[in-house]
Amino acid sequence: MISLILILLASLFFTGLVIWTKSITSGRKGPGIFQPLKDVLRLFKKGAVYSKTTGIIFQVAPTIYFASVMMAIFVVPFGQARGFISFEGDFVFFAYVLATGKFFSIISALDTGSSFEGMGASREALFSMFAEPAFFILMGSFALLTGHSSFQGIFTAMHFTTKFSYALGALATFVLVIIAMVENSRMPFDDPKTHLELTMVHEVMILDNSGFDLGLILYTTNLKFAMYGALIANFFIGAIPWYLALLVFFGVQFVFAITIGLIESFTARFRMSHNAQYIFALSSVSLLIFFGVLLVLGKFI
Amino acid sequence: MINVLLIIFTISLLYLSIADRLLTYIKILAFQGIILFGVAFIELIQINPVNLALVLLETIVFKTIFVPLFLNYIIKRNKITRDSEPFLPNFISLIVITLIIIITFLLSNSIVDSSISKIYFIVSLSAIFSGLYIIATRKKIITHVLGYLVIENGVFILSLAVGTEMPLLVDLGILLDIFASVFLLGIFVNKIGDVLKDVDVDQLKKLKD
Amino acid sequence: MIGIYLPGAFIIGGLLLVNRNKMLSNLLVLAFLVLQWIFTVYEYRHINITEFNYFKLDALALLLLITLSIIAIPAMYHSHIYLTTKKDTPRNSAIYYAATVILLTTLSAAYLSNHIAVTWIFIEMTTLSASALIYHRRNNRSLEGTWKYVFVCAISITFVFIGILFLSFSLQHRGGGGLTFDALLTNAATINIFWSRLAFIFIFTGLTAKLSLVPMYTAGIDAKDKAPSPAGALFASVLMNVGFVGFFRIYIVFANTSLHSWTNHVILIAALLSIFVATVYMVKVKNIKRMLAYSSIEHMGLIMLGIAAGGIGYYAAILHLILHSFIKSSIFFQVGQVYRVYKSKSIYDVGNYFKYNLTGAIVMLLCFIWVTAMPPSGLFISELMIFRALFQSHYIIVMVLVMFFLTMIIWAFGKNIFKLLFAPPVGFDDSNVVKINPVESISQFIFLGLIVYLGINPPVEFVTLIQETIKNLPK
Amino acid sequence: MFVIEAFILTIVTAIMVIPFTGVRWKGIFTITAVCLLAILSSIPAVTALGGLNTEVIFAGSSVTGEIPVRIDALSGCFILIINFTFLTGAFYGFHYMKQYRAETANIGLHCIAYLLVQSSLLSICAIQNSILFLFAWEIMALGSFLLVIFEHQKKETVKAGINFLVQAHVCILFLLTGFIWVASRMNTYDFKAITAFSTSYSLLTGIVLFFCFFIGFAIKAGFVPFHTWLPYAHPASPAHISGVMSGVIIKIGIYGILRMLLLIKSDYTLIGYIILFISVVTGIYGVMLAIIQHNLKKLLAYHSIENIGIIGIGIGLGCIGMGTGNSSLTILGFTGAILHTFNHSLFKSLLFYAAGNVYQSTHTMDIEKLGGLGKLMPRTSFLFLIAAIAICGLPPFNGFVSEFLIYNGMLSGFHNANLSFLSLLVFSLFGLVLIGGLAILCFTKAFGTVFSGTPRHLFNPVPSEAKAGTLVPMFLIMALMTIIGIYPVFFVRVIWEPVRLFTSGYEYAPVVNFPLSGSLSMISLCALGFFVFASAIYFIRNRITARRPVVTGPTWGCGYLAPNSHMQYTASSFIRSYRKLAEPVLAIHKKKSEVKGIFPKTGLHETHPYDKAEAMLIDYPLRQLKHFFNRFTFLQNGNPQFYILYGVVFITAVIIIPFAGTALTTLIHFFNQL
């Protein structure tokens, strides 16, 4: 329950922080941290323009997208405190429920019958497909390490005992950060600020959304960031007292947001056709983690 | 005496291999009939007279007179060209038939059983294989029949080997002889000549897969 | 009884030959069938009694005689339909009927004969009557088929005769009765190995012409193709059985000598080659009747495999032989109908049979299932047992090979049959298609049912007869 | 006992009556018979699931021996699955076939075949005598063949049918070999002999025997590389047949595998490893090929292969659990497998029915021609959507539950696993996730191009929603899917009995409770929560947006003002980037002419997906074989001289070869003596 509140809190400022970092690095003052939130609220108040081509799917999809992310957030724990929902194998549910949302956003993009939105949809489907194995192998490795298969179980039972396991944690953080980038269509994989539809992923999918729906989608992006931030934070919280944990949580969220801002400021977008390879490389990294876990457990003889 | 006759029979096989004209084939067949008559007469003298008469009648009337005349009639009636038209040159045929005779001779040497005189075995087997060889290497359908008749003669000799103990088998051989020759030639004279103008083997190669 | 049967049947045959009256010929045919059945029933009551020194009805003869008598009825019926629809001249019909009657009579006599020479005579006579049937259509091709059949059969019969001579050489006591199968069997142990080896190989090779096996199967294909379908049915069933009788009786003798395993190997090789050849040509041929003829080769190969494998394979082989007779005859009867619809046997000209003759198409479909030995066909049971026999005698590679070939055969067979049944025909004018009365298919349905019955739930008597047949074989 | 007799009576009566009735009554009779058969067979099935097995032994004949009919929980479970699918199939098919009523004979055959397939499938689950089992098996194969070739005017249909038949025969040959093996050693055809056989001979024997059966069943089930018949048979058949076929006919292969696992006592660990590996490959390969298909039904067919892979993963895990004594792995694996079998039968039949509706209103299955059907056929598209979500294994529907169980099986397998098993587990984890991701790609493509957007092709008449008659059974399936998604605990409890059969062999402490019951109830909570939550938000959204102004206009064309339907993103473009990546593994025949010059002529780009496994394992060997066979076609050359020669050659060969053989051995002996 507590994690839900914290994530909601983090989601309020996360994107703003990213934008703020980017402005600072490019020498501008930049908008306020809550500007994205204000945008969303403004969108909520607006009317909508619907394409003649679209049907009910198009109208339902943003809602389901949002709901799916919320469902995923319910599962995320906060240190020893369970998430809103917690059970054995809940990370499977986490990944799959996110996929449900993605499924809807893809078909809603295709529902517009546009020459561009399908492009984004295609990429979104492909990229997230490649990102998922990495996540599962990562979680599987930790499940193996800890002997638990729920988020909460894994995170509470995880102790970085040796130096080697710190390396594993770092790798895992890296993987999760990249996954978050992919899932949110951020910089090295996608440039949300580009002006060429041909090179966009997420943004081009929602070209036709407007009004409340668009607001919902934008806010969902914030939520998703905060959610991944929370996951990463959980790696470091472990069994420390709640006030420290709170500190760590927000610290991680801050660092995460600023990192994203920095990455976006200083790197260029990958070539679209190479994206798949990079994302797939994540699985390899996760495999490394897995072998690392095997080493820790002494299964490698 | 039997041995002499059988050797002459074998020599007739060699002659068969180099014969060019169909008429020569027929003459050789008639000649073989006479030899068989002699062999049968000497070999089967002890069996019951009715049976012996039948055998002798078959050899002399059927093999030496009736069949050659009939063949002659067919050749004339169907206007078959006189040449035997082998696929292989006669020289090779001669060598092959000689080889056949030699091999059967060598083969029979390995037989340990003494109850059968080997000469029958050698001569009949040579005749059978020579007949098969003639069938395989001649172009005309009529030569197939001729080759078949040579085989029959060979079989007849073989049957003579046990003729005294089992005359029934000799009778069967005769039956086979009459049946097959009459039947094959019958088809020939009635149908093939009418339907197919040029009596070549190639005419009968339509039914295939 | 055979003393009455043979002359009686020959007289009927002779009368049929000279008679030109339609009504009378029908009556005569009927009379023959009645005679045939009386004979069968009588012989069934008097099993294992020697008649006229040379005839003895044993279990195998009884089984095949009953099979023949059963097949004879629809064969005559379908011949009747064939001749009436074709509006043949009375002379041709007369020859056809007479030849069929003589064929059936000589076959029955050949089944019954207990002397190798007598068997040989009757087998020779079957060639004679069969050739009349092959030449029935009286055109170039049928003449060619007849000529080849007669010629190849003449040679093969000579081979058999040579084999018999060798067999007589091999005997220690060459008495008059020395060549009856019973005598051969009792003297099997004292037989001369050298001569009997030669004897077996010659007899076997000679009989393959009738058996439809490699090496002399060739002419039989043309015969089954060129003969009218009802006659083809007889060729592919009872005529093949006569070859089997000759072979099997001599095989029993050899199985009791030291040559047993050698004969098994010879048979096995011939059987495997047969199945292989059947596969090669089943894939290739586009003529339905020829395809069926090749399928007969395949089945005979399977039967021989059963014999070669021994054990349960003996039972399976006999069962397979009988079932195959029924299925092959019914499928040939059905092909007659197909020919009447399309006026062609080529697979390119036929199609959509389902539309033109529903009952016939269903029969054809079932026949396909039955003949390829798919359950619920009884042939499946016999094939299963043959495979089991192969397995038990450690011929596993052979089994795998055969299974592979059978699969290819099913593929090829199925492709053609389904083309016939379902694919629309090219260039076929269906404005006046011959309507075929479903009644004509009843016999086929009965046969199909019989096959299932005999295969899955054989009556005790049937099983005993087969056991009786194979009792003299070593276990 | 009574049930079995009534069962036989029903099927015989139906087959006798149907050919002689009017075309309308054929359908009604069939449905009645299907219902009767279903009810009759479900009675022992339900009691078996309750833990009360039925065993009746018929006397049989001298050939078959005793015919035991045993219905245990595993059979019962499959019987129920079969019955449900066949019922919905019959009701759907009844309406689907209405437009073919002119072909009376064909319909009659179809009805009979349908009944035959149902009854034979049910019998397969119950009969435990090899011969009768093979009989039922082949009747099933032949019946389904007849069902497949219903539209036999089309050349491809007959071709697909023959392909199906031949492979079904290969399948039966493998089974036959296995049964013969057992029968020749144990001298009985009873299934119990298999157990006795595997325990009395070496471990290796058991493994080889199992794989003999496994290949046989795998052909039916469609495991790669034995799957090649499947993508042809499914598109060729009418929709309800595709549904039934994909739903249950291929599942009978799964039944067979499970049955053999119960019967054969052997080294389960090794068996499990192999099954697991094959299944992962099957799953990935199936879905990889599914994505590139342009024919909707073919796409679904390949997807069946994928799902068989998932089921196989479950079985493989369960097997390893049996072998290593990890009972929770066993339970989770088999529960996942059986539940997924059931689930797949639901959503795949639903998908095929929906595809059938599309086919009936548009008369094409080419995805590139379809589009925008969502508005014309809203109910069908809704049903397709639900099924698509379910088949991708996404919550809150049933597909997720079974995949969740399998995932948890993998996770529980992590405990006390050795290195090789762990590597395999990670491989299969990776595989399963990849399968899930690719499935999403596949079904977003399918749904997106068929039902979303604008039509790509002008259909005349304009496609319209299917008749209510076809939709009712579909909604029924959907309801069941939703129920499983929301309340899986009940279903897991139902299949608890069959799963327990697999654990019964343990000497380890028997597990009484299901290991994941807590999670499952949470899943149902989540699913329900998801529904409620999403509806609530949608409700709020509607309340808010109701007061706002709404404008409709053309789709945003990024400044281009005259877009048309051809400019829509197509299915091939949707998967283009995927295709580029997957090309090395797949065989895609491309035909294209580039656009050249300033005033270019028409450009062209066609892709024809093909199956590389099929090309390598079926087409190439067949071609070679044909060449080989063709070399022997000189035999029947029409020349009687040759015919005679064969005889001579045979005789000489038989005489000479032994001589030559002895001579050779003597020679070798001589050289050895030197």
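Note that the chains take the letters A, B, C and D in the order they are written out, and that residue 1 is the start of every chain.
By our rule, contacts are C-beta pairs under 8 Å (C-beta built on N, C-alpha and C of every residue); 3 or more make two chains touch, one makes a residue touch a chain.
Just so it is clear, the structure is predicted and the values come from calculations on it, not from any experiment.
Asker: Point out which chain occupies the most central position, where each centre is the mean of Cα atoms.
Answerer: D
Asker: Taking contacts as defined above, which has more of them, B-C or A-D?
Answerer: If we tally the contacting C-beta pairs, A-D comes out ahead.
Asker: Could you find the chain whose CA centre sits the greatest distance from that of subunit D?
Answerer: Following the centroid criterion, the farthest chain would be B.
Asker: CA centre of subunit B versus CA centre of subunit C: separation in Å?
Answerer: About 31 Å, centre to centre.
Asker: Mind checking the centre-to-centre distance between subunit A and subunit C? Centres are C-alpha means, answer in whole Å.
Answerer: Roughly 77 Å separates the two chain centres.
Asker: Averaging only over C-alpha atoms, locate the centres of subunit A and subunit D and give their separation in whole Å.
Answerer: Computed from C-alpha means, the inter-chain centre distance equals 36 Å.
Asker: Measuring from the mean C-alpha position of subunit A to the mean C-alpha position of subunit B, what distance in angstrom results?
Answerer: That gives a centre separation of 99 Å.
Asker: Using the touch rule from the top of the page, what residues of subunit D touch 2 or more other chains?
Answerer: Touching at least two other chains: 633, 636, 640, 644.
Asker: Pull out every residue in subunit B that's touching 2 or more other chains.
Answerer: Where subunit B meets two or more other chains at a single residue, that happens at 135, 144, 204, 206-207, 209.
Asker: Would you please write down the residue numbers of subunit C that are in contact with two or more other chains?
Answerer: 147-148, 151, 155, 221, 281, 284
Asker: For this assembly, give the contact graph shape among line, ring, star, complete and other.
Answerer: Drawn as a graph, the chains match no named shape, so other.
Asker: Quick one: which bits of subunit D touch subunit B in the complex? Just the residue numbers, please.
Answerer: Touching subunit B from subunit D are residues 633, 636-641, 644-645, 648.
Asker: For a test of understanding, state which residues of subunit C touch subunit B in their complex under the given definition.
Answerer: Residues of subunit C touching subunit B: 117, 120-121, 124, 128, 131, 135, 140-141, 143-148, 150-151, 154-155, 157-158, 161-162, 164-165, 168-169, 174-176, 178-179, 192, 194-195, 221-222, 225-226, 281, 284-285, 287, 290.
Asker: Which stretch or stretches of subunit D touch subunit C in the complex?
Answerer: Spelled out, the residues of subunit D in touch with subunit C are 61-64, 105-106, 109, 131, 134-135, 137-139, 141-142, 149, 152-153, 155, 158, 161-162, 165-166, 169-170, 172-173, 176-177, 180-181, 183-184, 625-626, 629-630, 632-633, 635-636, 640, 642-644, 646-647, 649-651, 654-655, 658.
Asker: Mind pulling up the subunit B residues that touch subunit D in the complex?
Answerer: That would be residues 129, 132, 135-136, 144, 201, 204-209 of subunit B.
Asker: Of all residues in subunit A, which touch subunit D in the complex?
Answerer: Listed in rising order, the residues of subunit A that touch subunit D are 44-57, 60, 63-64, 66-68, 70-71, 74, 85-90, 92-93, 95-97, 99-100, 102-103, 106-107, 109-119, 121-123, 125-126, 128-130, 132-133, 135-137, 140, 143-144, 147, 149, 197, 207-208, 211-213, 216, 272-273, 276, 283, 287, 290, 294, 299-301.
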